[in-house]
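Structures are listed in the sections that come next.
The two complexes that follow have chain A in common; it is paired with chain B in the first and with chain C in the second.
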Partner chain A sequence: MNSKIQSRSTAAVVVLQTLFTLSAFALLSIRNGVFDPWALIMGACLSAFNVVQYYLLKKMFRSMDHFVILVSQFLWSVGIVEIYRISQRYAVRQAIFLVFGTAVMMIVISVIKSSRDFGKLNWLFMGGAVILLASTLVLSRAIGGARNWINIGPFSFQPSEFAKILFIMSSAYFLSTRDKLTSFIPYIIFTAVCVILLVVAKELGTGLLICATFLILFYSATGRKLLTILGIGVFGAGAYGSYRLFSHVRTRVEIWRDPWASYNAEGYQIVQGLLALASGGLFGTGLGKGMPGAIPASHTDYIFTVIGEEFGLIFAAILIVFYLVFIVRGMIIAMNTDSIYDALLVFGCTAMLSVQSFIIIGGVIKLIPLTGITLPFVSYGGSSLLSSMIQLGIIEGISIKNGSRDDRELEMMGQIMI
Partner chain B sequence: MLNSLYQVLAIGMKYWFIALAAAILWLVISISGKEYRERKTVLGEVGNYIGYLEIVGGMEEEEGTRIGLARENTIGSGHNADIVVRDESIEKMHAHMAFDGNRLMFTPLTKKGTRINGRKAINSYPVRTGDIVQLGNVVFRIFLRPELEELYEQ
Partner chain C sequence: MKNEKKFRKNMKLSTGFFIILFSILILYMGYSVIRNGTSWYATPYNPRIANARSNIRGGTIYDRNGVKLAWSQDSKRQYNETKEIRRACSHVVGDIYGKSIGIETTYAKQLYGLENDLFTLIQRFISGDYKGKNGKDVTLTIDSELSRFIYKEMKGRRGSVVVMNYKTGEIISSVSILTFDPSTVNKDKLEDTALVDRATMGRYPPGSIMKIVTASRAIDMGISMEYECTGETVIGGQKVTCKHVHGKQNLEEAFANSCNTYFAELSVKIGGGSLLSQAEKFKFNRTFKYSDFTLYRSNFEVSSEKGDIAWAGIGQYNDLITPTHAALMVSAVANDGVMPEPKLVRKVGDTDNMSWNLISQDRIISSATSGKLKEMMKKAVDEGTGTSAKIPGFNVYGKTGTAEYVEDGKVKNHSWFGGFLDEDKPYAVAVILEGAGFGSSAAAPLAKKIFEYIILEASL
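Let's look at the complex of A and B:
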């Protein structure tokens, strides 16, 4: 028996995705009663880009995980279709970020697949994360109530998006190399400082994200139930404390409990989002027939409601299952690793992406208080897309590492008659 | 004209998009499930072996064939043996190979027709990677996983 593992053909998925992108942009090209050739060009470029990216990565990196990348491609294709429908200019910018992000992702894959745990560099990562988060307080301008943007010339970027990757990397390092409780202290202080900086900068979504990722990673690395429950308790106390201390936290909870009471002010966005989802119904209004203009931040944080309105709730549910597939594949890669550091790194990225999508989807459907954060891969935003793609690169890098180890094993024992 | 075409298409295509997304999802899940099972089977079986026997002489057609070694195996030409080698010169139950925790022990079960590295073998004898064992006319080379091989040094 030939014991080489055959990778199954994924061509059918690529074909269907191309069909999706092309047909969606074809529909958008006749949306206003006038023919818009740019939509077709955009659709063709995006499909070609996806196909080229997929086969290029496959050629460059054997034993890459196909499914994680295919799922991400579907997510950002849906995102760009919907962003194009809202604003052509944003869609073009998102596409440029996508190309740039792919280059960054390839670099990350190459670094991760041949690296160990970065050792002492992790102290630098920790310092970098804190400096990034602190810099927003000094240099930022406020967007949507949160001070989380920095302008450098014509570009603006969101430092917290990159701080969270540094957070995952140093978490994986500390949790995999230490076992005495006291040796975790610098790491725990680091986490607390990050969260406090985020809450003060009014970036509650990312703060929540870091807390949740910390608890998940801590539990999965140490398996200490009591301490994790204690951690949840501290988190609850902290949440309550900031609820009492900061008015912007209080407002978020109040508009979550009753958005209709402040419909003309803070609750407007939530109510409009819920109305959009309701007017879409199960099957949606049809692409281009919804009213995303009525929802503030419809192309970034609220893109899920626009998708729900125009594509329908069934489609939106399918989108959530795509995230689930991503999470399951990420966990499989994490369980397949040799070292605890690799496992925690992959699991950290997976957990962070999944918690992030939970926080924002849960927020817009009024399941939990809304905190502004982007929907990974789908929302418009260069920093957000770039950081999601770096996390994707980390996951793929470790997957390639696993794959080359399995290949070595098969090489050594190869061609065994079973 | 174009506008009414759009209105009709937009309503019709909502179902098309849902169907496409569902189809992509189903394909991704089923293909990845199949690949996962396949990978697990292949790596699981390979992972169970502590090494292999490679046929290097005596059977021209089978030369180069690798036979996986479990922790304990019997070798012979009879169908009761774990590793069946169909050759007239081999006894029905010819030899026994087992890993005792430190070493792979080779034990001949017949008085004649067994050689280890060219010398006639009667008693149990530890073997390792590169050793040549001969059962009847058939010559095998032994390969043991390097991590097990290291145990010999201790």
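Let's look at the complex of A and C:
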């Protein structure tokens, strides 16, 4: 692509994004009839941070993918705007995580852009993932029926968010280096263990996410139809089994079928989410005029409905389209790689982010049973944001790797021409 | 990896797969919110409504003649000065505490100006009411004086009366007893089912008014059965009895006399499947999706047992119907076989209720069949079981019903009447009085009084 054209068109996107953030925070600053200078400061800081981050990355890494990073910036900006509207304290924390996440992302980019697959280290990744997931069962305390948090001093983190990334990395390693059916056995056992640990910890959303990502990756990479169908069968049997075994799974299905039957008990959250979307209508009630207080977990899992209420259905649809842009760009990067490992890494991250967005958006709009999981980049949560940014870093890292390969090839062509 | 080319193809396929998935998200979200948004919003569980009520001056609810039924004054909700009107219209109007489901809840969005469609926003911009501090007025199709008259004539007997214009679907009156007073509903000690709107939520066995459905199927099929009524018959081991021995009966006579044994045999002759499909044409087992209000589902089942089919065909077995549905059913007969969409709201603000212009009407039965049924219903009032609804000099059409049910181990009867007048007074009436005995002795006389009121009242 002509780099001049690209930089001009992205400049427009950066300006629009800055305008969005600034005007949203300007609105928030006069929301209650009392002037809130902190909102303006927050808006200015966030916009400045986004702009600096973008141009810094652009300078550091030629051939970075502009769309992926800009879409992500838009997503977390919308998230921080809405989180600020719900709770100023949470927004500040989210912003701090954003800064920290950016640093981590840059490290990830640097590592990924000049690395190959991690060889035997992957066994360590797998062990790490299992330990992370098992540790929640031992060390955690239950929050909202799910045991998925670990507290270390003042910090609490969600180990499954990081196990997800280790899962993608080991998937990419196994699927790119193995061919014989038997050689996949450790990988399949590893996946099963992860999912079982997640279901036992009542983290159904992440369990579903790992299952779906596994099936997509396994089928795409091996092309084994029969085995994939078998996998879907096992997944179905497992889902049905846990439906029969665990009352919390049964409840999820019942409230999906008819949340109104128990609107003030189990179905409360779904009903309130649907009410929020219905109140917003096409154009939304306007920022600050909704009632996120009525929805449990409005700043985390349910943030999509709050955005739907205040910004309207059209905006919510646009948000979904932004995820699609991210996905398509991610897939293009994956297809543009020359090593299969790299392709699988990017494909895995992209597929996982897409499935995750689908599970939670589909859940809150009652298309599929609700399983608690965060909306990537948008939901409040340090572990979640960090995990999404690591995946973003992996995608960007490979994109940069592709770019420097292209540069080399061009250079070689140039030498030959001369 | 063996086949890299295939893997790259699969990645392309996955991209397509995700594009489809996310398109489904957008389409489903748009579809479900646009289709159900208003009814979701209007549930009493919506905290936004309570919030709005404390901040916004709510619109006024008028009846069809401009009588104020509910309005806001000094940040308090006021209701009609006459207690009888308040109690007669309570289930239609509703209350602001979310205890019952009436216009106060289902039209809260309009009454409290919570709409945010582009059209309303532009309107507000022009009128200068940017914040929407004033709600819109809502005009109902209800006639509060008729409702009051019906309320008085029910004399505290439990049951429900629905009166509708069978040409337009406008509900002129919908009274349900037990009832409540919306101005004091949060303080009053209420009887157990006072908040249930029997007209839309009360599901009763229809008894003989179900014979309208059975007879319509017989007419469609061209069955002209003759049968000798001996007062009882045994079908599939189940005994069906009549109040009198009717003797030799044809369809018209059996309908007018409401002969159970005739219709039991007829139902078996028609067959379970055929009867079920006819009942479903009349909207049994169907979810009613109307813009103005919710109507509970009516029920019709048959089994493979002949005895069950016989009972189903005369409105017992597992048959259930709401009074509003009964009114719709007779309306369809009156309206040349076409069932109108029921309407409760005439105007919102200054604009006609949007869907008012799009009245959707369903043809249930053929024009010829409805003509034949009309004749039979006239005969039922003129010389059959419905004579207590007869008004000299006027054509009254109707069907009585006596629906058996068991309460405290005793068999009791709901008293039903469904009927209508000629097209110069295009009104249909459904009356049910719980446990009041035969249709001819309680419901039909009440229907007669309502018809007389309608005939004398010039504005109707």
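Definition applied: the second predicted complex is superposed on the first by the 405 of 418 C-alpha atoms of A that agree within 3 Å, B and C clash if a C-alpha of one lies under 4 Å from a C-alpha of the other, contacts with A are read in each partner's own complex, and residues count from 1 in each chain.
Operating definition for what follows: a residue touches a chain if its C-beta (ideal position, glycine included) is under 8 Å from a C-beta of that chain, and two chains touch if they have at least 3 such contacts.
Everything quoted here is computed from the prediction, not taken from an experiment.
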First, second, both or neither for A:Tyr243, with chain B first and chain C second
neither
Identify the partner contact of A:Trp123: answer first if only chain B is touched, second if only chain C is, both if each is, neither if none is.
neither
Look at A:Trp256 in the shared chain and tell me whether it touches chain B only, chain C only, both, or neither; answer first, second, both or neither.
neither
Considering only touches as defined above, state whether A:Val71 meets chain B (first), chain C (second), both or neither.
first
Going by the contact rule set out at the top, does A:Val325 touch chain B (first), chain C (second), both, or neither?
first
In the superposed arrangement, does A:Ser279 touch chain B (first), chain C (second), both or neither?
second
In the superposed arrangement, does A:Ile361 touch chain B (first), chain C (second), both or neither?
second
The shared contact residues of chain A with chain B and chain C are 283-286, 321
Under the stated contact criterion, what part of chain C meets chain A in this complex?
1-4, 6-8, 10-15, 18-19, 21-22, 24-26, 28-30, 32-34, 36-38, 40-41, 43, 45-48, 51, 114-118, 121
Enumerate the contact residues on chain A facing chain C in the complex.
175-177, 179, 216, 219-223, 260, 263-264, 271, 274-275, 277-286, 291, 294, 308, 313, 316-317, 320-321, 323-324, 327-328, 331, 334-335, 340, 343, 347, 351, 354, 357-358, 361-362, 365-367
Quick one: which bits of chain A touch chain B in the complex? Just the residue numbers, please.
3, 5-10, 12-13, 16-17, 19-20, 23-24, 27, 30-35, 66-67, 70-71, 74, 283-289, 311-312, 314-315, 318-319, 321-322, 325, 329, 332, 406, 409-410, 412-418
Would you tell me which residues of chain B are touching chain A in their complex?
2-3, 5-6, 9-11, 13-18, 20-25, 27-29, 31-32, 34-36, 38-39, 42-43, 45-47, 49, 51-52, 65-68, 145-146
